[in-house]
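In structure tokens below, several structures.
Same chain, two partners: subunit A is paired with subunit B first, then with subunit C.
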Partner chain A sequence: MNAAISRSSRMSPFSGRAIGYIASRAMHDLVMSFSILAIASLMFLVISRVVLGRGPAELWEALFSPVAGSHPIQSFQQWSVLVNSAAPLWLAAMAFSVPYHAGFINLGGEGQISIGGFAAAAAAICAPSFLLTSNHGQFAIVGLSVLAAALSAGLWGLAAFLLKAKFGANEVIVTLLLNTIALGVINLALKYPVWADTNAQGVQTRSLPGLLSKAHASFLAAHGFTLLCFVLLLSSHAYLWWSKPGLRLRAAGRAPAAAQLCGINPRQMLFVAVLVGTCLAGISAVDQVFSTGRFYVDHFVGWGFEGITIAILGRHRMVGIIVTSIYFAFLKEVGISLQIWGSTYGAFIMVQALFLFVYLFIERRTRI
Partner chain B sequence: MTLGTILIDDVVSFAFMVLACLITQRFGIFNLAIESVVINSTFSYACWVSTGHGVVTGGVIALVSGVATAGIFATMAVLCGLDQIVSGIALNMLSLGITTVFMQDITGSDQVSFLWVTAEAWRLPLIVVLICLSIAVWYLLSKSIFGPRALAIEEDTYVARSCDLQVKAYQAWATVASGIVGAFGGIYLALRLSGFNNNQWKLGTGYLALAIVVAVQGKIGKSLWLAGLLSVLSTVAQKLPAARSSRVPGELLDMSPYILVILLFCFVHPRTRSLIWRTMMKTTTSVRPDSGG
Partner chain C sequence: MRRVRSVRTIGLVVTLSGHEIIHGATSPIFERGSVHGIVGQNGCGKSTFLRVLAGFISACCGSLLIDDDDVRPFFDRDVALRDRIFLVPQDPPIVNGLTILDNIFLGHEVGGRLHRLDRRRAIAVLDSLLTDLKLDWSLDYEKLGHECIPSEQQKVAVLRVLLAEKEPSFILLDEPTAHLGRDELEAFTKMLRSLAARGVGVILVSHRLEDLARCCDRVSVMESGKFKATLSNTEFTDASSVQAALEYIPPTWKTDHTNTVGEAALRLAIQRIWDTSGRPKIIRDVSIVVRAGEVCSVLGEPNSGISEIFDLLSGSLPGGCFEGEIDIFGRRTDRISVEQLRHVGVNFIPDQKVERGVILELSIQENLLLTDNDVGLWIWGPRADGEVDALSNMIHLHADRLAEPVKNLSGGYQQRVLLARELNLGTRLLIMLNPSQGLDVRTRDELYENIISATMRGAAILLLTSDKMEIDCLPSHSQTIELVT
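After this line comes the complex of A and B, so read on.
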């Protein structure tokens, strides 16, 4: 390889040897990429024939067929369902992306999202009763919940920041462990009947007081939150990539000593990045809480790691994050399709893995 | 089983995973597929032994299964240059799906089990294997020529290539080696659980092992020490019936190992120690005039 590099560096860009070298590299990449596609197709065939005992065409039909009477990617309604379920993942991805550029690896998204969701539900349950009677009051409750989610998740995330900044504790381990601690704290908090549903099975809060019965509240849960997510995604992207403070933040993350020499305070930048990221994580949980009308711990399992995967696959850019998260939301819809079709959980996971392989293929092709 | 045996069991299986992650991490590979290596080897071992076959051949099959899984990951992540994190996650999902489907086909339930008595004699040899592998990995990565080479590859692959190192070959072989180590972990896990159960498998154990290695920057002693500590604290919190029956809420007990690890992490850092030292010195100097007077 070393010889190849030095050879290519000595060659003129228009010489026959250079063109030959580039062509051989491109051919190698092409063969590699198509071999991945071949593996994916083979997997598809194996899953359909061996695991599910049906034909590949039949499986294909089931995957892209009627979740609710219409083709999932042909009707506007299905697209809006996909975008709505993808919206919280935008924020979960930014919760990793913003601190990452300041040099903070935030693996604690799941804990921050759960804490945010619990705080949102608790704020709505404990809101003064006079707010429930008026239309504006209901919006105030939603606003209050968003604020509570952002603040609680922000505070939770700042614990990791403080431990890193003050005591030098490694944030990878601390944020990972804080996920489990967050679940413990929520379980502990849900022992109090103020907000806990003591009769229900599983860890959950009481249902939110009459919010979902109102038409405008349902609309807000369905579409308004997507809009809020988009605004927050756009703002955080603009802050990170288009603004001067964002440039300072990235500089502090990439080279703290050099940034300090230029008058940037790396610790301050880190503080801002962690605060922004964790607040976004908290807000991402609000939609789920208002859609289901209560807070369940199980709803947020895996969200943090999904956010990280989306941020990495989307290359930390807004458009990439949106496209990848819609792809992930589509995978969830596929799961529902397969369940309706009567397939097992194992088959569903295998199909998800298959789609990830296809994604890897596409990602590899676009890199050439 | 005594508490001591349970502790050893928890520590050994997790330590194998940490060691496997460490090998690949030192060669610049972010090996999330370690979970799928352990799942596949545990599953193949449990299936083989539960159908009445020999323990030794079961071990060989588990090793082959682990190496094959690691080989697939090496092909995808190293040779094809696909994203390491996403390929790892995809492989993990695939392994979980395949094992679930096959278990339902073979046993009609979510688990495969065998008699513990037949396999108990293999616990001590596996602990010896862990110790030997740890020493071998430590020697290879710290005292042999492979140490600086691994460091160069981990730091910058371009620089390593310019030094005539076959980066992809080293990374691929390291991944396969981690497959062997991970497969030993899988065998131990199968022995410990007397089988394999997808519901008992905690998704994220591999991520935790990887996080430990990343956090201690690939230091073998610190990695194993931390892995042991985390396993011990976790087991103690879960298994102590006396603590469970006390007035302390169970949630606090569940959280306590993690809180302790965070505190320990803070304490071992030089900055914290110097902070504590300065605070102690201040206290001493402020007390001294009074005591002297």
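After this line comes the complex of A and C, so read on.
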């Protein structure tokens, strides 16, 4: 028995168990994501048949007939468009997942994303002019915008944390209310001509300095943001599921009393989780701002909802989040309901909601 | 309403989370009007068996016979309730915001307008029941659920069942005595006998063989998901006869070693401790000194204040509830920080393993690594694997199962995970509250062996317990302080 508790000296230089575990877990996530989406899609087909009287064949045609000459899944270029449009949603999903595991239900994604987007635009507009003319200055401005987005959204999220930690307020109510308050704050901020487009009656900022859009048009810049999103997604996934600090965070979220006895400070973990999550939310808005060349109030409507849906359907894991977000991007891209229901956005939200309910139903039944 | 006479199973197979827990168990006949004990190692399927009888989980195959009628596959919770078969689980649930009285009467509130509890009538009903059963349990009815210590939770769960049904057919008790103090235990065993005399069937799972020998008419031994033997009360008279049926030979402790007792690791001078709810507490003027290389035991009834001492040392006693001095490794401290204590090698084994010990949703590997400061950044890597391998030998589980959540394990195995985590080489001071609760005899002796080897390495051990047997079984403890209620 003494030997049993003595520390093992036989450590292999390469841990087969860790690789095996991570690989099998990733495979499991992949299979689960595809199964969930397949079951949900099947249910959607059935419902569309019953409710709309449109058969699966009609729907299939709507999904896979070429739009404007090419179909989204027929070329690499189109695939890259899908991945690029899915990338910000990875961060929006993680903005829900990370705080969720520390016991904080963050429903304020949309507000945090909007604040982040506004800050990114404002930072780019107010950046010193010499940066625009220098060679690498444009990239410095992009970096500045990312930083501004992360910090502002992080600060916005910390308001909810403080209300919960100091006054015991329920974070669900607080984050929901902060969504609306965020829009109010942005509306007020758009009264200032420093960054606002004065002709647009407080709904958008001025357009970003001209040279920036050129920087964005280059291949590296266009895909650079997707790369950044992937790195952040991988890092936050590794933090949450593979690292010791992430384990402590999850422990504090699951059982604060047990975590406290293990020497973990649950409140500190909550702070870290909310900060990480909300910073990710802020960064997710940057690409949209740079690709359209300005911040527009209605750009981010529904992003919070999509983030939560993708996080839950993707089961809070990287593989699941990527698969689900690309699937949703595909549905959006083909304008599924434009051809069937006449309203793209409403139908898209309904499809997502349907998927979510199907998943929650399966989860309750099978405890997956 | 029918009242069943007997219950038995034939070839019962139960699978949970992909693992077959019970492999074709053919049980003896459990009869009404008798107390039937079940013993067996941790993880052998005792609790699962009780949960099947109570209709909480269903079996894959086999027969469940109630009064010789095969009720499978229709047996479920409703049938169990119709037949008045009730289960008191190992860690009974309690509603946090409600008082003890509300918790006891939950679901069958007496009197009161708008279904509210008529407190005066409820207390009268409860008192008459306690007198009737000759139970002299003292309970503070106004205490809130989350303030309850495990023994109170257990009492609430037992009383809830007894009040719900005047004449239950069967009461299934999973480790009911684990949290009870000596006097309470005496009353409890008498109560079981009086229930049996009234025609109630009692099935009792316990690891405390002495209790079983004292109150059971028959004792069945379970091993690896099957019933191995059943002894009648003439065949066992004390713990050793059940040990023989379990084929267990208690170890002979090496008492020839002499530990070098070092400097004081913990000096605790308590002038006064208040109850967490602000009521004046019993502990006054107690001084505890634990030196490196020795075990110091503090014995007291569950409500005598031992859990408050544990709370104090683990930093969860609210501020202002303590008057006195704490000195850990020569450093006087007013405010306990568990994080700092963990860094200097202070470990804890709480008695509420589900609430404060292991985290059910996390995997075994993750639970083992929660307090390890040497593991580095990654929980899946060569260093973490090495640490976990070293610790998991103590749990006796195959390495393949380390990625499973702890909730898949039986209560005893959950306790083992906790012990493996806390009893590591880095332990310099170990503070334990009723550590052997829920452990079978074999694992309990392994725990004691580990405690002895920890003291030989120079660790200081503070054992807070309400079980005198725990102190009697543990050799070479150097001093015992008895708290008087």
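What we mean here is this: the second predicted complex is superposed on the first by the 259 of 368 C-alpha atoms of A that agree within 3 Å, B and C clash if a C-alpha of one lies under 4 Å from a C-alpha of the other, contacts with A are read in each partner's own complex, and residues count from 1 in each chain.
Everything below uses one rule, namely that a contact is a pair of C-beta atoms (placed from the backbone, for glycine too) under 8 Å apart; a residue touches a chain by one contact, two chains touch by 3 or more.
The structure presented is a predicted model; accordingly, all values stated were derived computationally and were not measured.
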{"item": "First (subunit B), second (subunit C), both or neither touched by A:Leu151", "value": "neither"}
{"item": "Which superposed partner A:Gln352 touches (first subunit B, second subunit C, both, neither)", "value": "first"}
{"item": "Partner chain(s) touched by A:Arg248 [first = subunit B, second = subunit C, both, neither]", "value": "second"}
{"item": "Subunit B versus subunit C as contact partner of A:Lys191, first or second or both or neither", "value": "first"}
{"item": "Which superposed partner A:Ala169 touches (first subunit B, second subunit C, both, neither)", "value": "first"}
{"item": "Partner chain(s) touched by A:Ile312 [first = subunit B, second = subunit C, both, neither]", "value": "first"}
{"item": "Residues on subunit A lying within both footprints (that of subunit B and that of subunit C)", "value": "1-2, 5"}
{"item": "Complex interface listing, subunit A residues touching subunit B", "value": "1-2, 5, 32, 35-36, 43, 51, 107, 163, 166-170, 172-174, 176-178, 180-181, 184-185, 187-188, 191, 305, 308-309, 312-313, 344-354, 356-357, 359-360, 363-364"}
{"item": "Of all residues in subunit A, those that touch subunit C in their complex", "value": "1-15, 17-18, 21-22, 242-245, 247-248, 250-251, 254-255, 257-265"}
{"item": "Subunit B residues touching subunit A - in the complex, by the definition given at the top", "value": "76, 79-83, 85-87, 89-91, 93-94, 96-101, 104, 161-164, 166-168, 207-208, 211-212, 214-216, 249, 251-252, 254-255, 258-259, 261-262, 265-266, 269-272, 275"}
{"item": "Subunit A partner contacts - residues on subunit C that touch it in the complex", "value": "314-316, 338-339, 341-343, 348, 350, 355-362, 366, 369-371, 375-387, 389-391, 393-394, 399, 403, 420, 423-425, 446, 449-450, 453"}
